[in-house]
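Below you'll find a set of structures to go through.
Next, two complexes with chain A in common: one pairs it with chain B, the other with chain C.
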Partner chain A sequence: MNLSLQLNRVRSKPWLWSFLAALLVWLATLAFTRGEGAGALTSGALAFSAFFVIVGVGQMFVITTGPGNIDLSIPANIALSGAVGMKLMEGQDSLIAVGVAGVLAVGVLIGCANYALIRVLRIPPIIATLSASFLLQSMAIAYGRSVRIAPPELFYQFSTGRLLGIPYLALAVALLTVVAGYVLSRTLYGRWTLAVGQNMRAAELAGVRVERVRWATYVLSAVFASVCGVLLAGFSGGASLSMGDEYLLASIAVVVIGGTSVAGGFSNVPGLWGAALFLYLLVSMLNTFGASAGVRLILTGVIIIAVIAAVSGRKSQRSL
Partner chain B sequence: MNAPQPMTLKPQPMLSGTQGAAVNRARWLRNALPAFSLIVLLGTIFIMQPRAMSYMGMNLMLNLAVPIALATIAQMLIITVNDLDLSLGSFISFVACVAATLLNDHPLLGSLALLGCIGVYALLGALIHIRQLPAIVVTLGMSFIWVGGAVLLLPAPGGSAPQWLQALVKIKTPLLPFAVVVCVLLAIAVHLFLMRSTWGVVLRGAGGNPLAIAKAGWSLLRIKVTLYAMAGSFGVLSGLFLVGLTTSADANMALRYTLLSIAGVILGGGEFTGGRVSPIGAVLGALTLVLAGSLLSFIRISPDWQIGAQGAILILVLALRTAVNRLEVRPA
Partner chain C sequence: MERHMLRCALLSSALLLAPFMSAQADTADKTIALSNNYAGNSWRQSMLSSWQQTTDQAVKAGIIAGADSFTTGENQATEQAAQIQNLILQGYNAIVIDAASPTALNGAVKQACDAGIIVVSFDGVVTEPCAYRISMDFKQSGLDGMNYLAKRFPGGANILEVRGLAGVSVDELIHTGVMAGTSKHPQLKVVGSVNGNWSQTAAQKAVAGILPSLPKIDAVVTQGDDGFGVAQAFTAAGRPLPVIIFGNREEELAWWKKQKDANGYEAFSISSAPSISSLAFWVAQQLLDGKQMPHDLLSPAISVTQDTLESSLKGLEKGGIVSHVYSVDDVAQLKSPVAQ
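After this line comes the complex of A and B, so read on.
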């Protein structure tokens, strides 16, 4: 009796699955290399997953506010923010604060612009963020046209540095996810976000300031994407136009595999880490096995579809 | 407003005379908006560069419009049932790669592969319907699979489109360029099927009020499979046309089409919910997006802003539509 109760409790935590999958893939890779390079693999996985998680947190808040809410402007935002950050810092340590402040301002502005389009034009968020992303992409091209500027030394060291093998970035993002989890489950804004996602009309009638919640959510998502952009530029030694491209799909994939409901109203913060680690480790496992780029992509796709099919199947069983 | 389109043809008894007229005017304005924006755009181009107003000029400007128009129609069919296809661009790239490799070397095998692609789309429709999955996530996964397949076929840009395909897209038609003729025929054919035929009404009804359609005895599964398979077919056509124009293929060549096709549908008056779509509008929307790029080069703005101009036009048209909708809500 007690055992089955515990088993049920475990099963009701969907984020465990993504961690389990990540662990399995990690073990499989190490079994193949006979334990060689375990440290490097883990530390690399943590560093790259940190980027997925940053944008994932923002996208998760957006997706939580209900069906149809999705931020498509993330890749363009990353490209623009990376360029703005590197240009403001001019490669000097003393200007890091200016650069970071500028990037945060860019994020807030983009979030406000996204929300303004949704609100004023009364168009679905997908279309609003899509048209915004067209504009942002052009801005990034026009603004970032000049030569590639290297990040300041200190900034570079922060984004690539490690503490006992754990990247600083992973530590910072881990803290961020704890805060995000707290915000979501313990603060008024978080509870309101969940309420809006579960039933917007009911939330409105219950006195939730729906529009304010949506505004905050889009700003939050844009700010996270901007932060990811500048960190990514620091990490890879300079901003490039295409560095955000994979983050559109990755941000949605991390949220969904992590157990957040696509229909909105139910989020899952720890799952983001599990899913991000899983996605990165999967790719590096296939790399170690010597699979070509094509096979890697196909398997990633198959796994995303399999996970979503399995997850929503579980839900329908529960509701019966 | 969930009623199928033909209902609106009847006069609505609850509205008084003047109100009804205002509503009709708003509806007329909204339907005319895609055509209006295209005409304004074309007019500006012709004023800036009168030489564009020739057979040759139109041909150059609209060369790449056909694959985008076909992709937009494919996306529109998916949007009809309130879904969204985020894999369309990678699917079209994959088709182009198949055409430039398999179809060229082994025509039979290549044709089978393309038919198989349509089959995959039909299965996708079935999977999404039976398991009630979010189409955005499933097609997101599919986009990885298509790109992966394309990379396997063509690790580096190259290949060569079949000769007959290259000849087909270069047909010279009298009076109007081939691209314009194809776009017009495409718009009319899909319009007649989707907006005027019984089947079309049922298909759109599945987006507007699935319960009513199911109660009326239609199989929602069959409707979804049909729409997805049709979308797949138009995607295949788009890829074939594209590779005929470019003569060689690349695994990433059409990735932009995913977002462009969504923008085209919306620009053409389509909506994400309720099965409200317009084939003629979608083709006009695709043409508008293509011409937006040309306009910039005529007014000598850096091509950096080409994508931005597409975004700006999208926002502008949507703003106009919101204004028209307000007119409808508050009849004068």
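After this line comes the complex of A and C, so read on.
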């Protein structure tokens, strides 16, 4: 009786699955290296996962607003924002604020542009954000010219610095996820987002300003992607055009593996961290095992499917 | 033997013709198109600007009527095949291709040949026999890096291999060269291998992920556009810097120079020159002019050593790649690969 009650409690926390998966992969890697490099592996995982989580938060809000809502402009946004940020900062500590402000402005503009395509021209989000990404990528090419400008020393220190082995970035992003969780469950905007995702018509009739919520959500996603872009540029010593490539699938994968419903209406903030850690550790594990690229890609696909199946299996059990 | 004779004939005819090269009225009314499948990295950007520079001058000098470049939006073979079909219809006399796939464009390339169009592929070459191929000896470049390391580490070394994009032929060829290096120099051991996807950020991430599980790494072989990310990963992990085989990018050479000045760091760098596009242009122009050439041509790799580091960096624009400006005379010196 007591046991089944506890089991139920575990099942009601879908984010546990992604953390469990991450933990298993972590243990498997360390078993292979006989425990060597545990600290370095964990520290690296936290640093790289932080980037996945930043874009994941934005994408999660977008996906939560209901079926069909998705932001595919994230990779191009990252490439453009990284270039804009580094160019504005010119490698000088005194210009960091200017660079960050510029990048935030880029994010807001991109979000508004995405929403305008969706709302004014009535283009489905998947097409609208994808075509926006072509425009952004071209702008990044024309603007950045693939020139690698080194980030200001202070900004570089922040992006790569660690406190007791934990990257500053991971701490900052952890704080961000706490805020995002609070916004989602405790504020009017968050409640409205969930309501729109569960049933847009019902939400509208209940007085939710649906379009305002969607606008805010696309802006939020674009701003987070821009922030990710400038931080990534700081982290890797400069911006590059291909910097955002892997974030198209990764941003969606962390949301889904993290236990957020693809159909919208149900979000899961802590799951983003579990999923991001899992994705990074999975690739590290397969690299450590010495798997060839082909085997690695196949196994990555199979394991992701297995985890998603496990998560959705839990859902069907709950509905019984 | 036949090849040798052909080469001699080619060389001598080129030498004979060299003084008259400036008068190329035969191609003055011809047009050449560049079909390119991707523009999203620094190598391709340099490649395109090199094409632009060379062809602008050629058009101005009246050597050719026009040489436009077209890049597809998505890096996809089907899209590029459609693009080539459009170029055929537009009536270009020659099409120069950096192909998305060695085989998927063959149908479109054959159509072009059948329409009497000269097709020259470079970098990403096509296997269709009627087309010309200018490729770098990628296997040799992988081997050159290993040869350098064998000299640096006669007593043996642990090596991390950072490969390119899985499934792309260039990655496979360079990898074959690296493997040939390990069998030639058994003291060099490849203890780990990751895919850096020719991207500094991807390489940084992949290397950071595998480093904790590796013993001391003495050297890293990269394929280009990934060496700087590798260096970042080693610095972040607080590991001693390995000898990195770079890929001629300005940011890589600048980092190398900084380390060299600070602590006498030594390395080696090798890559194909993006200006191979201008070489392809001249090959197409010469073919239009009626020259005979073998269908397979090898363009040499460009390497940077400890001694040439400063001279290579001088004049190299930020974000650029060490390049070499090809002229029409270089066409005559192209070699065809030794039959394997």
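Here is the rule we use: the second predicted complex is superposed on the first by the 311 of 320 C-alpha atoms of A that agree within 3 Å, B and C clash if a C-alpha of one lies under 4 Å from a C-alpha of the other, contacts with A are read in each partner's own complex, and residues count from 1 in each chain.
Heads up, the rule we're going with is that a contact is a pair of C-beta atoms (placed from the backbone, for glycine too) under 8 Å apart; a residue touches a chain by one contact, two chains touch by 3 or more.
All of these numbers come straight from a predicted model, not from anything done at the bench.
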Chain A superposed: clash or fit between chain B and chain C? clash
In the overlaid three-chain picture, which partner chain does A:Gln137 touch, first (chain B) or second (chain C), both, or neither? both
First, second, both or neither for A:Phe32, with chain B first and chain C second: second
Look at A:Val256 in the shared chain and tell me whether it touches chain B only, chain C only, both, or neither; answer first, second, both or neither. first
Who does A:Arg201 touch here: chain B (first), chain C (second), both, or neither? neither
Quick one: classify A:Val295 as touching chain B (first), chain C (second), both or neither. first
Out of 9-17, 81-89 or 207-215, where does chain C collide with chain B after the chain A superposition? 81-89
Enumerate the residues of chain A that count as touching chain B in its complex and touching chain C in the other. 134, 137, 141, 145, 293-294, 296-297
Parts of chain C lying in touch with chain A, wherever the complex brings them together: 39-42, 45, 73, 163, 166-167, 192-195, 197-202, 204-206, 208-213, 228-229, 232, 236-237, 250-251, 318-319
Would you pull the chain A residues touching chain C in the complex into a rising list? 29, 32-33, 36-41, 44-45, 47-48, 134, 137, 141, 145-149, 160, 232, 236-238, 240-243, 245-246, 280, 283-284, 287-288, 290, 293-294, 296-297
Of all residues in chain A, those that touch chain B in their complex: 68, 70, 72, 117, 120-124, 126-127, 130-135, 137-139, 141-142, 145, 249, 252-253, 256, 262-263, 292-305, 308-309, 312-313, 316
Mind pulling up the chain B residues that touch chain A in the complex? 84, 86, 127, 131-134, 136-138, 140-153, 155, 259, 262-263, 266, 272, 302, 304-312, 314-315, 318-319, 322, 325
